[in-house]
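Below, subunit A partners subunit B and then partners subunit C, in two separate complexes.
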Partner chain A sequence: MINFDMNLLTAHLSQSISVFAPEIALLVTFIVALFMDVVFKKTRNASGYTVCVGLVVTGILLCTQCGVKDNIFVSMLAVDPFALFFKFLILISSLVVCLMSFFSDELNKDDRKMGEYYSLIAGMTFGMFLLTGATNMIMIYLAIEMMSLTSYVLAGFTKEIKRASEASLKYVIYGSISSGIMVYGMSIMFGASGTMNLVELAGLISAGKVAMMPMIVASLMIIAGFGYKISAVPFHFWTPDIYEGAPVTISAFLAVASKTAGFAGFIRFAQMILTNDPFLDWKIVLAVLAVLTMCIGNLSAIWQNNAKRLMAYSAIAHAGYVLMGMVVMDEVGISSIMIYLFMYAFMTLGAFAVIMLIANKIGSEDLDDYNGIGYKMPVLGAFMVIFLFSLAGCPPTAGFVGKLYIFTALFESGSQWAWLAVIGILNSVVSFYYYAKIMRNMYLRGDANDTVERYSFSSASIALVAIITVPVVLFGIYFGPIVEWANNSVALFFN
Partner chain B sequence: MYDLVKFVPLLPLLGFLFLGLLGNKIKNEKIIGSIGCGTVGIAFVLLFSMFWNFIQAPPESAVIVPIYNWITIDDFNIQIAYQVDQLSLLFGMIITGVGFLIHVYSIGYMHGDRSFFRFFSYLNLFIFMMLNLVLANNFLVTFLGWEGVGLCSYLLIGFWYDKKFQGTRLTWTGDAANKAFITNRVGDYGFLIGMFLVFITFGTLEYTSVNQAASNAYMSYYGSGIMTAITIMFFLGCTGKSAQLPLAIWLPDAMAGPTSVSALIHAATMVTSGIFLIARNSVLFALAPDTMTVVLVVGIITAFTAASVGLVQNDLKKVLAYSTVSQLGFMFAALGAGAFTAGVFHVMTHAFFKGLLFLAAGAIIHGMHDEQNIKKMGGLKSYMPKTYFTFLIATFAISGIPFFSGFFSKDEILWSVYANNGILPWAILAISALFTAFYMFRLLYLVFFGKERFNCEHGKPHEAPATMTIPLIILAFLSAFGGFLGIPDVLGSWASESPNLIHNYLSPIFADANRVLHSHAGHSSHSSILELGLMLVSVLLAVFGIYKAKQYYSDPAWTSPRKLVRNYNGIYRMLLSKYKLDEFYFAVVVDTLLNFSKNFLWKIFDVKGIDGVVNGTAKGTLAFADVARKIQSGIVQNYALLMTAGIVAILCIYIFI
Partner chain C sequence: MAIGLNEFLVVSAILFALGIFAIVTRKNAIMVLMGLELILNSANLNFVAFACFGGMNIEGHIAALFVMILAAAEAAVALAIVLNIYQNYKHVNVDEVDSLKD
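Now for the complex of A and B:
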């Protein structure tokens, strides 16, 4: 119980703030970046550079937190290796998205002021950091709102494009409904138990002091809220529309960072609450969600003709694979999810980066316009092929390793989930079809003669994609350290 | 000290990455060549310094140098780790040493090629893969290298992919590359099955643990079905990679690649992987006497068959290719007879003299402006004196002329086959050796002596540049004197207790296997007079072969060979068409498979079965997509409704079911 002795509280707060340093750095970045644009009127990307520096500083501060395990702000937030793993992953994605944004033509058009854009990315990163450690339902809600509100603006950032504004508006409405459902679930949970704190709530539930009906209803509503963040079917409807309408960089950010943070919060909630819940057979619920998400994601992706929309459905399908890992929910299962999300981040960011660079040249994301494009950009084309193979889960790429650990976790947990793994494997076969379709258009359609005029890309943009390719290939053959890191983080999480 | 082994494969890998990624930006052949050679040269120096250290103070057991944990799933753990011991050091030094010389040679040989950098990056990749194969401490890493060298072999056979190539049903060099790759798949399948069986039986894939477990429990494993299965499967892999019957057919066509590739991959190193694999797992093979017999028989038949085909071929590189197949047969015969050291020793001497023969052949082809038919050569001795001299030494060595390197290794094989398996296998191998001497000197006389049968429309033949001749001279030196590392006891006993240095060096590796073999077979001793006598017989046979070749081909009209061809036309045609093996495979395997695929798999199974299902599903998914499209209407109110409906549905299922 919280002690209201003033001295103790002050000591606790100052302790909390010292552990909160990375998030504070993000907040400072958020605010400073806003002003940079005003101060340096001549320099276009001043705030972008500021955010990059801020993110790097945050990363350095995160490095000092290895092995720290603490509860801060009167049990609002947990700082532990589990959260740290996800924070690093989110931070890397934010940094890559910022760097990608420097090369985006749709963003940097017509002297658009980019100050808010970069500072909102920092703000959204802050929200995601909070969600990875949230141990109080209020904090979960606030973190999700922080992420959502910033992402509404970012999704509609190219406001002169009609579909972007439309996407943004849809996102606002859909997001509000989802958070409404979630916060309603939380209020039922509070009404039934009298606490918002997840640790206390878990204690009450396992002691049998919470009634069955409110428990089931509230749990499902909260699952729906998280399901919206990770775009699980049937809470996924926003995903294709928003990914298609938003700038490519923001689609990438939503597909990677936002989803990662959503899973971090969801796993923590599930591990603390659902595993103690005697009423809800949550494993079946998650398994059904996983099957629906994989199947609908993959089967819908087959019919897409827009690269961003296709990637949206692909992102949905990948959420389904990760949900399979959540069904297991033991140490092996959670570490397999972490490995999967780690691998997923790089290949997805890479694919979006290439889609963005192609759009810069041809002004389209339509797959029919990709015909023969592989010959016009041999280097980027080769990188794209690597990303697509990785997304499909072919060895020796990172994507294979991620899938390998998810499926292994399912088989290791006993034979009752073997059927789920089989559905997952069949789904990854299906997914190969639409990834291959992109490659087919790039290389086998259109004329392939030597006289094709080649696109020229700035060497910095090629270098960025090359740097993203390195982990996709490297972690396909040298994944020991990542596995070890994930295993250690999970081991500390469980103890 | 032995930690340095980490850098040995790393260097060629870096060379491959650098040349492969940036090679086309560097136009300078000297820089590309120096990088390509340098990485391999430094790797050799590292290995040699480790070897020097090793023989000064041999460690108790193999030194394992872990690089990193590759796959960890619960208890299952596969490390990328290298094993430093007598065997891996010897093979490593052969690969990097001979490899370095061939790299240097290639600078001259590939001069002016439009893909100069690509060639060197592939060569470096090959060295990297080959080093992984021999330095690995477990089957999986060896398999990685095994597949990797197969890939490099494919890439390099088809290096001049737009060049025509003559062969049975082959028209492009790429077809030859496909043939090599696909034939090897059969063998690789055997390797995989063998590896699975090892894992099931021993629960680990590490060589030291597997061999330890097998030799500790040898009483129960000896002759058991599982040992026979494991070793037969690995031997199937060996017949693919090392071109033994029934999978030998790919190697002669692999000559479509540049000649330095033939020297490096298809003579000196990759094709000896099979011998390495058996030597590495000598205990497992010693525990499976039936497999040993199979290895011996396959080795002998291959040695004889290939040597006989070599008698009548007219393509310079084809003769050498059949000679390689035949010599590999000798090595397998040695392994099958339980003489592991002799087999490995022959790998080494063969790397010297066959590498040299191919490089010299490359110099001849280079000097003759891409002419490979020996009937259109002759009298080249005066044009290419250095090439002639080195070729002569290698020919002496392969023919088994006393005190050249091949003499020692081949004679050890012949003697151990006689001592363990009796007179008949010995006789077949001795006749193969006679054939070898004959076809090699036939080659020598047709190429370097006699009247000039070429026309000079491209200009006169010329000697190769120094980057090509210097490697030839070094290899000639090794071919001449390399054999003194393995002087048999019967010849060297006057000088020292155990004069056979290579035997002493390798004995710890094969100690367990020999213990198993002796405990079951009993060691029969033969007199040294008999050994000397058999040695004399084989030398006389070789001299007889040389004499016949000289008699036949120093006559400019070739009267006696032409008479022979007339009188024994059937045999001649059979040999010339390589026993119709290619035709046999095409008729029995390839065409059957193609017909089956076309008439059943495609026209019935695929079109009627799969397509039916797929089209059906497509119709189904179209309907689904239609529904999905309606659902994904873009109207956000509908989405909200569906989301709520989803929750309510799950809730209803909970409450009412």
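Now for the complex of A and C:
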């Protein structure tokens, strides 16, 4: 595998580094942002602007990688269109989260030093980039730890607020347990096969050279690690607590970017390892996970009275819809997952942005305090309604397109998964109830006739929410390019 | 009796079980973190034992090194968070830090 000819190795490394440019740009951003905070002490958000610029530069470098398909650093990482799609998605959500953070009163209170915050976001993005392309088990573990360690700190960044510190404690304990179990599973997998490389491992497994018991136990342990990241039931118990306690921006980041990266890693692992397993049909396991995740996520969300907690259960339910796409696990299924995650990113970021702006004004995320708030903020209220309709999957919004492709993929794969699609559709109906609950509180409770004084929002913050609304509406009507992009990425992934 | 691969695997499985047991039963956050270290070290023992006795390549040793480094990083972050909990609550009892719940 490895040729120890020094010249070849050097050539391979320099080739790897040139393909690794976007990640290097992120690392440079991470370090520069820390220094910017020290150098420009007077300028608030100096490091925030640096990270935004760094993310844009990373995006430009990513654009140069269209169509590149390579294995870099002695097959540690794969650079392919599949990873590129997820990297773009993660990059967009990091940028939006950075911009959202500028407007958060909770974060910017009392002249808090924000340098570490923004540089940790760049670091977390780096970890997620690695996870999208990891083709070696030790790389998967490193990438997951890179994004976890930074997110533990970010969840408790407002450290004088009790619930934030509680959230970070729960997150660090649950997160370390799940990654510990995952690495124990990897050690068993290594013992059973003798390799950490997923490509070699896939060959050994399909040749039947890996024993049954270690393979099943190790796969279950590794699924537990991924399941934690994508908050699939029964590994979801941390999600509501952490989303409620963490700053709103970080909840949005965890709900979108972290979940997307987790799915990218999980799909690659499942596609290479689980589908080759001759002993057990893992599709059944994934289908059970999907049903549990959808049902428990949606049914628990009904009883919630806190907007962030409700969004957490909604994020769990959406992970269930995406897991349905993983059950199919062919080109159509994976491209439907990519379309779904793309649509999901914008509507979730938008909903969290509005929740954050409301919390800036009323200092609470309690749904009872939302009574009649739609009349005090007509523009933002209208945007929120669009996001909620999209999350519920109503046409003509982006959420409908995502759900449509997932269900189509299930029906196209044959009649054996039709029952799963039916459960999914029933769940979407249930989900409409609790999204409608937010809208009911915003518009139907409280007095519309009173001369209510309106909240004033800075035009920049309204512009940000408006920009997030554009893709939610646009991709609900004109979704051809996204579908084509996803299909092309998957086609190259399978060859 | 010669000590072979099986003995190492049994010890690592016991360590793993003890780690889970510590996490489930201990109330003190520091004790929970020690349980986590046990889990990570049981994985390390597995990696090294397989690489040594299984006649496999060096990857196992390298993996163990990486896991050790990450365990140190994780402990650093976790201890900082526990310290913050102490400043807010004046105790580090995991069972009593429960204001966030359904």
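Convention: the second predicted complex is superposed on the first by the 494 of 495 C-alpha atoms of A that agree within 3 Å, B and C clash if a C-alpha of one lies under 4 Å from a C-alpha of the other, contacts with A are read in each partner's own complex, and residues count from 1 in each chain.
In the analysis below, a residue touches a chain if its C-beta (ideal position, glycine included) is under 8 Å from a C-beta of that chain, and two chains touch if they have at least 3 such contacts.
Predicted, not measured: the structure shown is a model, and the values here were computed from it.
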Inset, instruction - Determine, under the contact definition given at the top, whether A:283 touches first (subunit B), second (subunit C), both, or neither. - result: neither
Inset, instruction - Mind working out whether A:259 is in touch with subunit B, subunit C, both or neither, as first, second, both or neither? - result: neither
Legend entry - Partner chain(s) touched by A:181 [first = subunit B, second = subunit C, both, neither]: both
Inset, instruction - Could you say whether A:303 touches subunit B, subunit C, both of them, or neither, answering first, second, both or neither? - result: both
Inset, instruction - Please work out whether A:191 is in contact with subunit B alone, subunit C alone, both, or neither, and reply first, second, both or neither. - result: second
Inset, instruction - May I ask you to decide whether A:170 touches subunit B, subunit C, both, or neither, giving the answer as first, second, both or neither? - result: both
Legend entry - Partner chain in contact with A:87 - subunit B first, subunit C second, else both or neither: neither
Inset, instruction - Go through the superposed model and pick first if A:437 touches only subunit B, second if only subunit C, both, or neither. - result: neither
Inset, instruction - Quick one: classify A:235 as touching subunit B (first), subunit C (second), both or neither. - result: first
Inset, instruction - Could you list which residues of subunit A make contact with subunit B in one structure and with subunit C in the other? - result: 169-170, 173, 177, 181, 240-241, 300, 303
Legend entry - Sites on subunit C touched by subunit A in the complex: 9, 16, 19, 23, 29, 32-33, 36, 39-40, 42-44, 46-47, 49-50, 54, 56-57, 59-60, 62-63, 66-67, 70, 73-74, 77-78, 80-82, 84-85, 87-89, 94, 97-102
Inset, instruction - Sort out for me which residues of subunit A touch subunit B in the complex. - result: 169-170, 173-174, 177-178, 181, 216-217, 220-221, 224, 228, 234-235, 237-238, 240-241, 280, 285, 288, 296, 299-300, 302-303, 332, 404-405, 408, 412, 477-478, 480-481, 483-484
Inset, instruction - Spell out the residues on subunit B that touch subunit A in their complex, using ranges where they run on. - result: 68-70, 72-74, 621, 624-625, 628, 631-632, 634, 636, 638-640, 642-647, 650-651, 654-655
Inset, instruction - Flag every residue of subunit A that touches subunit C in the complex, lowest number first. - result: 137-138, 141-142, 145, 149, 152-153, 156, 159-160, 162-163, 165-170, 172-173, 176-177, 180-181, 183-184, 186-188, 190-191, 194-196, 240-241, 244-245, 300, 303-304
